[in-house]
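The next block holds one structure in the form of structure tokens; read it before the comments.
Labels run A, B, C, D, E and F following the written order; every chain starts at residue 1.
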Amino acid sequence: MTTETWLTTLITETPQAGFELAITLSRRGVKYTQPNPEVLKKLRPIYSESAEALMEASHIVAINFQTVAAANNYWRDAK
Amino acid sequence: MTTETWLTTLITETPQAGFELAITLSRRGVKYTQPNPEVLKKLRPIYSESAEALMEASHIVAINFQTVAAANNYWRDAK
Amino acid sequence: MTTETWLTTLITETPQAGFELAITLSRRGVKYTQPNPEVLKKLRPIYSESAEALMEASHIVAINFQTVAAANNYWRDAK
Amino acid sequence: MTTETWLTTLITETPQAGFELAITLSRRGVKYTQPNPEVLKKLRPIYSESAEALMEASHIVAINFQTVAAANNYWRDAK
Amino acid sequence: MTTETWLTTLITETPQAGFELAITLSRRGVKYTQPNPEVLKKLRPIYSESAEALMEASHIVAINFQTVAAANNYWRDAK
Amino acid sequence: MTTETWLTTLITETPQAGFELAITLSRRGVKYTQPNPEVLKKLRPIYSESAEALMEASHIVAINFQTVAAANNYWRDAK
């Protein structure tokens, strides 16, 4: 669907890096449906200045973080 | 429900291919409820130009990606 | 709650058949709350011609597909 | 919170009985928040005649069915 | 965040007690965001007399019940 | 994405600390999308005084709590 490689592993060194990967996944989910950067740019203020949209963003991140955290075995062995 | 074969495996070589399969699953979920391509075409601008709809799309992809990622054991053994 | 038998197993031969079972489960979830076929028929155009409703349908299918896919061990041994 | 015993096990004999238990759990989730049967009765037409509400009902059932299905090991050993 | 101890274990004796713990978790999720009892009291009628809010309440309980049920190994060994 | 370290482990001593971590994760999900503290401050009353927003907050916390609880093996061995 895209020729660009943007995701080669779900493994991250720290939980925080995993959370940030979850954010990337959430944004990519939007970008696959609307690849036009002009349209996305126009919608940006809606995402970032509406309380509902910000909560929905956090909601999607939470779901993706479940996936990334499970992939990393919850970083249980990290020190 | 359909005579076309479109899904033979959940296994993909890379996480990115898995993410793209999650997108396919999300679209198919729509298509089974509304198989008419004319109606879908008419609705397309709504999906792709509304901030809420784009976030909901990303939300559904996140859920399907959980399934695909688990199926692939999170590509933990990939190199 | 119903006298009809409609679900005897979650096991399907292929992932696609599992996805279609997920659609059946989603529809049954509606039908248990509103068993009257006349009312359901009246609501049908809303389900199938609104972008939001189609996405919500795909959302529910995604959740049910998680269940069916787990039940089938993600069809990992299928060939 | 309630003196009535309504849930003693998540184990059911068949997937269909498990799905019906998921419906019970979904309704109980409503009833704990609004125990007054008069208010619930007044709201009933909204639940059962709005497309959105019916889909949300199916959505909640799908989540509860995940729990019940996992509890029953997906009825994999059923015959 | 709070000095009060309100959650010491996810283990409950019965599934029903687990479901009621899921309700407690759902309410606490609200209370952490809005700790003011006056504001919560004012919002109470909205929660308990709107069909959408009651369904959303049941939705959140369903998610928390997944967690509590898994913690208790689905009470499979209960008698 | 941020230079600040805010998440080094998902392991907590008690379920309550885990629930509070889930709240932190939910807020961070918002903050990554809207890092401007001025905008967040302006939106705060919406989050905390609308019944829908409070329920959505609880919803997101429930999802993040699933992750934290699984990471901690549900605090089954806690005493």
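Convention: a contact is a pair of C-beta atoms (placed from the backbone, for glycine too) under 8 Å apart; a residue touches a chain by one contact, two chains touch by 3 or more.
As the structure is a computational prediction, the values presented were derived from the model and not from experiment.
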- Steps in the shortest chain-to-chain touch route ending at subunit F and beginning at subunit D: 2
- Message: Between subunit C and subunit D, how many steps is the shortest route if every step has to go to a touching chain?
- Response: 1
- Between copies subunit B and subunit C, what's the superposition rotation on C-alpha atoms, in steps of 5 degrees? 60
- Report same or different for the subunit A and subunit B interface, where same means the shared residue numbers exceed half of all residue numbers found there. different
- Taking each chain's centre as the mean of its CA atoms, subunit C sits from subunit E at a distance in Å of 27
- Message: Using mean CA coordinates as chain centres, what's the gap between subunit B and subunit E in Å?
- Response: 32
- When centres are defined as mean Cα positions, the distance from subunit A to subunit F in whole Å is 16
- Residues in subunit B with touches to at least two other chains are numbered 47, 56-57, 59, 63, 66, 70
- Item | Chain-level touch network, classified as line, ring, star, complete or other | ring
- Message: Taking the contact definition as given, in what order do you meet the chains if you travel the ring from subunit D through subunit E?
- Response: D, E, F, A, B, C
- Note on the structure: In the complex, the residues of subunit F that touch subunit A are 1-2, 5-11, 25-30, 32-34, 39, 43, 46-47, 50, 53, 56-57, 59-60, 63-64, 66-67, 70-71
- Item | Residues of subunit F that touch subunit E when the two form their complex | 14-16, 19-20, 23, 47-49, 51-52, 54-59, 61-63, 65-66, 69-70, 74-76, 78
